[in-house]
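All chains are identified by letter, namely A, B, C and D, in their written order; residue positions are counted from 1 within each chain.
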Amino acid sequence: MQRFINDPDNVVDDTVRGFVKAHRDLVRLSETNRRVVVSTAAPRQGRVGVVTGGGSGHEPAFIGYTGKGLVDAVAVGELFSSPTAKSFHDAIKEASGGAGVVCLYGNYAGDNMNVKMAQKLSQKDGIEVAVVVANDDVCSAPPEEREKRRGVAGEIFMWKIGGAKANEGASLEEVRATAQKAIDNCRSIGVGLGPCTLPAVGHPNFQIEAGTMEVGIGHHGEPGIRVEPLKTAAEVARDMARIVLDDHALPSGTEVAVLVSGLGATPLNELYILNDTIEAEIVGRGLSIHRTYVGNYFTSLEMVGATLTVLALDDELKRLLDAEAHAPGFHQA
Amino acid sequence: MQTFPNAGGGAIVEAMAARIVENRAYLSEIDGKIGDGDHGVNMAKGFGLAAERLAGRDTTLAEALALLGDVLMGEIGGSMGPLYGMMFTEFAEAIEGVERIDAALFSTMLHKGLEGVQSIGSAKVGDKTLLDTFVPAVEAFDAATGGGRSFAEALDALVEAADKGRDSTIDLVARIGRASRLGERSRGVLDAGATSCALILGSLAEGAARRLS
Amino acid sequence: MQRFINDPDNVVDDTVRGFVKAHRDLVRLSETNRRVVVSTAAPRQGRVGVVTGGGSGHEPAFIGYTGKGLVDAVAVGELFSSPTAKSFHDAIKEASGGAGVVCLYGNYAGDNMNVKMAQKLSQKDGIEVAVVVANDDVCSAPPEEREKRRGVAGEIFMWKIGGAKANEGASLEEVRATAQKAIDNCRSIGVGLGPCTLPAVGHPNFQIEAGTMEVGIGHHGEPGIRVEPLKTAAEVARDMARIVLDDHALPSGTEVAVLVSGLGATPLNELYILNDTIEAEIVGRGLSIHRTYVGNYFTSLEMVGATLTVLALDDELKRLLDAEAHAPGFHQA
Amino acid sequence: MQTFPNAGGGAIVEAMAARIVENRAYLSEIDGKIGDGDHGVNMAKGFGLAAERLAGRDTTLAEALALLGDVLMGEIGGSMGPLYGMMFTEFAEAIEGVERIDAALFSTMLHKGLEGVQSIGSAKVGDKTLLDTFVPAVEAFDAATGGGRSFAEALDALVEAADKGRDSTIDLVARIGRASRLGERSRGVLDAGATSCALILGSLAEGAARRLS
């Protein structure tokens, strides 16, 4: 992989520095922890603080969602590796405006441990912390073991909706419950066409043979449910939509939001080609699409591939999804 | 009765860190087979940082372990930060303020570390994790001292059991962590954490043994 | 290259269809030409219409800049190939609100010919068309032959500023002159680390040896000024900034806008790593940065690499750059 | 005096299109060496589309050329759309409504096409473009008829000169279009447009020659 990096061990610090310089109007670095990015609007007194965090290499996730109407503070991990408990703890402190903090993160072993520890540390500080663990990736465990599923691009809807709810002045429990509802209403799937390489490792740690694809791939290259010959975009899109919608089992007439995200090295035009069929498949099931997002919203370094997330909406979720938000990686008027 | 001094024990941790840093590529390679290939990178970063901070200082084993635990917990993240961070923090607390460490205290220390790891990670023996090294190592140490063997002999037993435990992971299917998504595909290779754990316990035991008097 | 496509010959139609479905709130397809994308707000009666167009494969350019406060209609070409004169002509008709239309496009042989023909056809229809040809790519010709330079990511600033000026109700000549000033005040450079492949061709049509980089590469892989060993991000960023700023020769104290765009397959975090040094270099020259954009704003399929654009601002350009705009590929509050 | 009929001339354009489609990969390969490798793709798309629309219809040469020009101009874009689009549109206009085409009209047609290309592209002979095929071909045709040779002989001269012109581009440095950025690096290979132009003029001349009476 040909890259723009300096020391492979400093990729994250260099990234965060360049990020904060670019988006000074929206974000700042915590003064106490260079692995915590904070909204310039945080902390918001009397409002529930919204925190997330996760490994780096998924940009614009997680840092790009720090901003107005979104996340107040983000804990930044090494590439593909959970932030420290200390960083989660510091992010919580930065986000705290006295009304409690909700930590909305993804279901990975390291994040679970570090958030749990941070939660304990914060409670010692007198900050009440509620957590919501995203588990929208349908291929990472069967429906009976939903609690084992990984969190992927559905986290963006969880942040958007949780952030909007907090912005409305809701209580900690209300924000937690609404963010939980958002992720409960999300289903995602990833399809991988090409691997990625951690700079410090220097070679891909998984392979995808040319002419094949990994259906159900995770955001770090975790294997999916099957490897099969690469099909046409229309067939792949149909499979993706079907896997997500079969798991979702939504009543006809349900309004949904759709998010098609690239994994890093797939050109944007291919995501639109996928969306063409995805939309047809969703509409064909009697669902109606309220909003569609297509872009590199949650990536995996230079992995080639795409994810699809479908969020089932009710009136509350729709209102919150539609609310204005401004963050480096997500602008909505 | 054999004991070793807490004082000067920082050198044990420095040697342990050197061993981890030396094995950076090897640990990543093992992790790459069924994980994401960064275990050596993560470990070397944490242990390397701790070694830098210990360099040139004369610390007790308790102080050095506490520093290592803090670095892992506060600066490494991932799964290893909290797991090994807990282990070393608990190790350090168990021997804090003590002048000399005997086999009984060494056992207490091991148990407190083990409990720390288990409390946060909730893995069990057989899940193909570092516990497959750690648990039998602690048991072997206790069995040896319970059977009347010397501290030195118990440390040998610990190392032997740790290595055997590490090797046992080859035949296991991962049931926790990233590799667990692989199911049967995870069989046939060592677990990365079990391997680093054997390096850690080996260094610790060797350092203690060399200082026994 | 592993891709999500159907028939390689239908990539553009499939892309445009999926694009219009995703962004119905902002854009629509022309009813008379499936290669013309139109803002839902166009035509705007009594306002100057703003048109652009160019080859596909650069998404979100060009179509992604169709929207409010930006471009009214876009002519869509095949991959890396100018739209037809007919499509430019149809885009002009869609954008025409009776006050003339400005066509803001990039300096490529095909585009020049097709726009020229479209301009003639439009004048027969009674639509006055003014043109601005972007030529911001400093490495594509020496300063004495600026008119030969290619247009690259600076086009985004030209569209943004031209669109905002038209939005203010300015005359055709005013809009043209301001868009011309915007592009005159832009300088860009690209650095390529890896090639891209036209799906219908099936193999890269240029090579970048591993361990090397092409300094000054064009948006279609056009060769740059030199091939050299791949350096650290800090060194590359410094070279990019220097080449751009040396050509620009701005007085100390000038306010600038900075755009760091990925070429398609470079992960976003690397763009931030570049930005870290770029910003330092710019500030080091006594310039002050008013705004920074970092992202995949103007790509080249899955090319690995990045471009830097520096726009020198005056009060008018600043006001117009800061104006609100909403398009699928560009949101600004 | 030799002439050929406008009627039924659609078949000449169909044969020309088939020739271009056959050479799709070859033309792209040439373009790939110093351009962006899509010349065959662009050309085959336009000529293929035109052939589809001509299939099964009995058109005059003028009608078929006009259709080809429209397709190129209206649906192909790039540089070839306007350049060849102009060429065929001008060709068609020159012979529109004429029953039979003689050498003089054929020359007028060539000149109108050439002017169309030059008016829009502003390239010159020696710039390493299709003009390096087109210009000498037209000159050779005129020289032959001016020298009293028959229409058939003049068509042979045209084909020969077109092929020579095409080959002359090998030694040229591109001064216009994408390849011009390569400077000296563009020397040593054929120009793609010059190559397709030789195919086009060759088909046209062969078709005309076969119909002479």
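Methods note: a residue touches a chain if its C-beta (ideal position, glycine included) is under 8 Å from a C-beta of that chain, and two chains touch if they have at least 3 such contacts.
What you see is a predicted model, and the numbers here were worked out from it, not measured in a lab.
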Min route length, chain touch network, chain B to chain D, equals 3
Taking each chain's centre as the mean of its CA atoms, chain B sits from chain C at a distance in Å of 55
Dist(centroid_CA(chain A), centroid_CA(chain C)) in Å evaluates to 29
Cα centre of chain C to Cα centre of chain D, whole Å, reads 33
Residues of chain B that touch two or more other chains sit at none
Contacts with two or more other chains occur in chain C at residues none
Contact graph of the chains (line, ring, star, complete, other): line
Listing every touching pair of chains gives A-B, A-C, C-D
Listed in rising order, chain B residues that touch chain A in their complex are 28, 31-32, 35-38, 41-42, 45, 73-79, 81-83, 120-121, 176-178, 181-182, 185
The chain C residues in contact with chain D across the complex are 9, 55, 77-87, 109-110, 113-114, 116-117, 140, 198, 200-201, 203, 205, 218, 220-223
Listed in rising order, the residues of chain A that touch chain C in the complex are 2-6, 11, 14-19, 21-23, 56-57, 59-60, 64, 193-194, 208, 210-211, 213, 230, 232-234, 236-237, 258, 260, 264-277, 279, 292-296, 299, 301-302, 304, 306, 324, 326, 331-333
